[in-house]
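Two complexes follow with subunit A in common, the first pairing it with subunit B and the second with subunit C.
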Partner chain A sequence: MEYLRSFLPENRILVGANISPDYARDELGAVESAPDVLVRPQSAEEVSKILSYANERLLPVVTRGAGTGLVGGAVAVSGGFMLETTLMNRIVELDERNMAVTVEPGVLLMDLSKYVQDRGYMYPPDPGETSATIGGNISTNAGGMRAVKYGVTRDYVLSLTAVLPTGEIETFGSKVVKNSSGYSIKDLLIGSEGTLAVIVGATLRVIPLPSEIVSLLVPFPTFRAAVSTVPELIRSGTDPTAVEFLTREVISLAEDYLGKRFPRIEGDTALLLTYDGFSAQELRERMDKASELCIEKGAYDVFIVDTEERRAAVWTARGAFLEAIKSSTTQFDECDVVVPRSKVADFTECVNELSGRIGLRIPYFGHAGDGNLHVYFCRDGLEETLWEKKLQEGFDVLYTKAVELGGMVSGEHGIGFAKRDYLAQRLGPNQMELMRRIKKAFDPNGILNPQKVCT
Partner chain B sequence: MEYLRSFLPENRILVGANISPDYARDELGAVESAPDVLVRPQSAEEVSKILSYANERLLPVVTRGAGTGLVGGAVAVSGGFMLETTLMNRIVELDERNMAVTVEPGVLLMDLSKYVQDRGYMYPPDPGETSATIGGNISTNAGGMRAVKYGVTRDYVLSLTAVLPTGEIETFGSKVVKNSSGYSIKDLLIGSEGTLAVIVGATLRVIPLPSEIVSLLVPFPTFRAAVSTVPELIRSGTDPTAVEFLTREVISLAEDYLGKRFPRIEGDTALLLTYDGFSAQELRERMDKASELCIEKGAYDVFIVDTEERRAAVWTARGAFLEAIKSSTTQFDECDVVVPRSKVADFTECVNELSGRIGLRIPYFGHAGDGNLHVYFCRDGLEETLWEKKLQEGFDVLYTKAVELGGMVSGEHGIGFAKRDYLAQRLGPNQMELMRRIKKAFDPNGILNPQKVCT
Partner chain C sequence: MNIIVCIKQVPSTTKVEVDPVTGVLKRDGIKSKMNPYDLFALEQAFLLRERYGGTVAALSMGPNQARDVLYEALYMGADSAVLASDRRFAGADVLATGYTLSQCVRKMGEYDLIICGKQTTDGDTAQVGPEMAELLGIPHACNVLSVDGFSEGTLTVKANMDHSVYTVKMKAPCLITMEKDVNTPRLPSYLRRKKRGDAEISVWGMEDLPDQDESHYGLTGSPTQVERIFPPEVTEDRECFSGSGEELAARLYSLLREKKRI
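And now, the complex of A and B:
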């Protein structure tokens, strides 16, 4: 404490009962553990001092952004220091000639998006949780809806500045858009969930802001009819920005949660397609082609989401899915699998079958365009031991199925604390051993976010 | 030898004088060293057997594709085994529903491109050297002209199957397009130039083949006028596929080499813009916007490269630049720097100034759209010691300048054997130490491609 006080003001160091219980959990709250000391650094140099101190004394250091994670990645399961980055929230520079924005890690995604949008640019990754920090987004390689057209966070990180456990501040990558200069340490840090280094800055690629954006709501009789259209849509060259699926069940939950009606549509499942571009006419051509294809594949109709009222109704509902499911039950846990785009219906059939068999409500929604599904086990009135037992069985069945279909255990939420066993099952001992050796190459004393990902 | 003969036919094991001298060098030929044994494996299992054998006996193993590299990456500078992959050249599967093609590493880029193109798809990366293998492309994270719109090899690798030094065959990644499941070892292998594992298979993302492709040839009075237009073009939302610059000097070399005239154009430098898409009209709108912008920025004119004759003249010349420079001199060496897009003219000014000062001809061409320049030192009639001295000085000046401008020492050719010192200068001791530790995590005995990249 004396050491911390030598370079940090009192109000940015919190200890014991002064630490809000919020810092002991993330958004899902499945794992709880408070840090011993919460520090709110404002600069890379402060982070450096804390890390080198902790490294010498073998004290755990967990980095946390806005705490919106769902897998316990930013929970201090071994106690120690928590570095909370939300005071490092400056947008340092927008370099318009190189289309690059440089930010501190605590900038919120919503603030970054608005900042660049106001200046005519788009930062394409758009995870549903826009109150997340960009540092957290990078640490989990966050995806979001627009991944179908634009890719994920990884595709927009030009460079990262990070502090190594020994306190050195290093910048990996630069503003260049092509690079073949040694191992891509930048790509290793992306998605490493704070276990290799602490990200203190990032330069991100932005693109020209499309002038036209339109969504289509396309109801289908069945889930399988809807999602089996998706590979065709992607292949058609109509280049959708986002392709979400919306089931009747989850739409109803959102209606209940919001107290608002969703546009009345037939059938069991709808696709929500978004198109963007710079020419209204060209956009119309692509949407016409997409609409025809959907009708051919059995869609009841294609509704253009163009009035303000309809747009609000559709997108408010879509944005409320997670909260709606959460508020519909007493407790829930989630599975963020990703499967090849062609296997989505095979996976959800397995979910439905599982739900019937173990008698657990398991709603899901997700990104049909990239095979990334968010599946929620709902406890409802279930007694605790039984809930734990069914949850365990459910996870086992679904992750096994994901692997069988050539999928991965996490599409965008990460592994954190909660999904380590499933990662190990998916990747096997050789790959886990490689990860542990990489971890050791960066953090030989194991101080960074212990008990996460591969340790 | 006895061990190799136990599972390989005689004609796929070559020793000593039976090894063609071609295998002692790459395309540039600046470094020469023959392997002791050349093996031509046909399967991952054969690679596995050779690696585990070499690993136990601490014998060097260099993997080589088509040998089109320019930095000595595939030269056996420490002798030992050379694994030549061109017999592993099967296209294993085209999964149209997931837009993924699975290949062996020895497939040539030109064969892959044609295969997917014939079926209505495009594999976007397009390095100039299409007789390179896809394994080599992945190992250097090859870029190419279309990187402006489509990105580089890294952006199209969904999964890699690789053999570890101990012989284990592991697949990193899968057909999924979103992934947040532990450290991205796949991204670490991409660009690692055969120093971490031997790539024996890859699943690559393809996209729908654009139906329309048009190029524009845009002459400008000066180099600076031409390249300073590029950031505006990128920012304009006209979404060019490729933006090349062509200097008068290099055009002349190509004319001499080919014995064919390039279309007559005014000025010192031309931009060669390519646009592609699915709607001819929309393409025309984007090209009109781009043309206006170029004229505003001082272009003499904008020529649509639309007749077969003109297309052949322009693209044959562009494709012959490297060979034309090579044949114009007695010996040459190259510098494949990448700088932020806005800094290209600052860099080439430094090249011109250097050329005048040390009296060396230094032609260059490259990718204006992504700041990646190929700069060639030409020996011409120079005496050897003086050539070596001037070359050394030239490299020092240019790499120092690239770093000063926020660039990197290689945009797409890699580090290999030749550029290690410059990489170390650019990245500093901490990052080099991290790379060496990563190397050790994969290859503790240091058998894979020794003396390359960071060792």
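And now, the complex of A and C:
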């Protein structure tokens, strides 16, 4: 403590009971454990001093952004230090000639989006949780709805400044567009969930802000009819920004949660497509082509979501799905699998079958365009041991199915604490060993986010 | 039940600039859309049509590009659309607008109900609907929350009076203005757009209306004199306080007292 006080003011060091219980868990709340000391650094130098100190004494250090994670990635399961980055929230520079914005890790995604939008640019990664920090987004390689057209966080990180566990402050990558200069350590850090280094700065690529954005809500009689249209839509050259699927069940949950009715549509499942561009005429041609394709594949109709009010009616519901499912039950756990987009219906059929067989409510929604599904096991009135048992069985069945279909354990939420076993099963001993050796190269004493991702 | 729904094209942003010299709204280059309040009026009309049969006609006044919102009404489900468009209608205040629309209604023939949005997002007067009703000599109710029934030529509605809700029974034909957020407006349909194409809007000028007296329309028919239009003053004054929760609460309380907010 004395050491921390030598370079940090008292109000940025919290100990024991002064640490809010919020810091002991994340958004999902499945794993709880409080850090011993919570530190709120404001500079890379402060982070460096803390890491050097912890490294010499073999003390665990967990980095936390806004705590919106869903896999326990930022929970201090071994106690120790927690570095909370939300005070490092400056937008340092917008370099318009290189279309690059430099930020500190604690900048919230919503603030970054607004900042660049006000200046005519877009930062495309769009995970639903906009109160997350950009540091957290980078650490999990967050994806989101616009991944279909624009890709994920990794595709927009030009360079990262990070503090190694041994205290060195290094910048990986630069504003260059091309780079064949050795191993891309920057890309290793992206998605490493705070296990390799502490990110203290990032330079991100931005693109010109599209002037036209229109969504299409497309109801289909069945789930399979809806999702089997998706690969053709992607192939059609209409270039959708987002392709989401919405089931009747989850729409109803969102209606109850928001106390607002969703625009009336027929059928069991709807696709929600978004198109963006710079010319209304050109956009309309692409949307008409997509609409024709959907009708041909059995859609009841295609509804146009083109104004602020209409976007609010549809997208507010879509944005509330997670909270709506959460509030519909006593406890829930999630599975963020990703499968090839041609296999989405096969996977959800397995979910439906499982739900009936083990008697557990399992609503789901997700990104049809990139095969990333969010599947939620709801405990409802179930007794604890039975819940644990069914949950375990459920996870086993779904991850096994995902692997069988050529999928991966996590599309965008990460592995953290909760999904380690499933990662190990998916990747096998050789790849896990490779990961452990990489981890060791960065963090020889294993102080950074222990017991996460690969152990 | 034959219903006429009045709709208006408004700027799609609330950040419209005012020319400081002429005091005129700068509309050039600003995208437009249907007045959001009118969406609830249209949806109410469609719901009544589903229940009682009949037709829904959309009516608007404006320049040629106001066709866009009428097409939108058609794609949402309206059966027909009328645009009152004539240079001589331009510059109308609420009275002249109400008068022009009421003339259109007279030409449109038999109807049971006129539905308007409670107000528009650009004018915000909430007067055109009630004025139309007065000019047509029919009963009206404003800020309607729900239409509860229509039998034997009598419409029963609940109207929001802010501190109370009135149940109103009116003989048809009558006029109501819809409160916002009382339903979820349906979305425009691609299939309807494809089927209906880009035709089918009746455009009426002064010659088409029963009253041919030019002095009743547009700027000349408008008794309202606008002295000055100016954007509201925008201030970004702010004070930041720091301290413990209790200190902040006390500080905030005294400030609100001082400003007479509480």
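One rule holds in what follows: the second predicted complex is superposed on the first by the 453 of 455 C-alpha atoms of A that agree within 3 Å, B and C clash if a C-alpha of one lies under 4 Å from a C-alpha of the other, contacts with A are read in each partner's own complex, and residues count from 1 in each chain.
Here is the rule we go by: a contact is a pair of C-beta atoms (placed from the backbone, for glycine too) under 8 Å apart; a residue touches a chain by one contact, two chains touch by 3 or more.
Here the structure is a predicted model, which is why all the values come from computation and not from measurement.
Engineer: May I ask you to decide whether A:172 touches subunit B, subunit C, both, or neither, giving the answer as first, second, both or neither?
Structural biologist: After superposition on chain A, A:172 lies in contact with subunit B alone.
Engineer: Check whether A:291 is in contact with subunit B, with subunit C, with both or with neither, and answer first, second, both or neither.
Structural biologist: After superposing on A, A:291 lies in contact with subunit C but is clear of subunit B.
Engineer: I'd like to know which partner A:304 touches here: subunit B for first, subunit C for second, both or neither.
Structural biologist: In the superposition, A:304 contacts subunit C only.
Engineer: Is A:378 touching the first partner subunit B, the second partner subunit C, both, or neither of them?
Structural biologist: neither
Engineer: In the superposed arrangement, which partner chain does A:30 touch: subunit B (first), subunit C (second), both, or neither?
Structural biologist: After superposing on A, A:30 lies clear of both subunit B and subunit C.
Engineer: Return first, second, both or neither, reflecting whether A:339 touches subunit B, subunit C, both chains, or no partner chain.
Structural biologist: First partner only.
Engineer: Looking at subunit A, which partner touches more of its residues: subunit C or subunit B?
Structural biologist: Of the two chains, more subunit A residues are contacted by B.
Engineer: Determine, under the contact definition given at the top, whether A:82 touches first (subunit B), second (subunit C), both, or neither.
Structural biologist: A:82 contacts neither subunit B nor subunit C.
Engineer: Give me the intersection of subunit A's contacts with subunit B and its contacts with subunit C, in residue numbers.
Structural biologist: Residues common to the subunit A contacts of subunit C and of subunit B do not exist here, since the sets are disjoint.
Engineer: Using the touch definition from the top, list the residues of subunit C that touch subunit A in their complex.
Structural biologist: 12, 33-34, 36, 39, 75, 183-191, 193
Engineer: Sort out for me which residues of subunit A touch subunit C in the complex.
Structural biologist: These residues of subunit A touch subunit C: 216-217, 260-264, 288, 291, 295, 301-310, 313-314.
Engineer: Touching subunit A in the complex: which residues of subunit B?
Structural biologist: 95-100, 140-143, 147, 151-152, 154-155, 164, 168, 170, 172, 174-185, 187-188, 190-192, 196, 208, 210-211, 231, 234-237, 239, 278-279, 281-282, 285-286, 336, 338-342, 367, 370-372, 406-415, 423, 426-428, 430-431, 434-435, 437-442, 453-454
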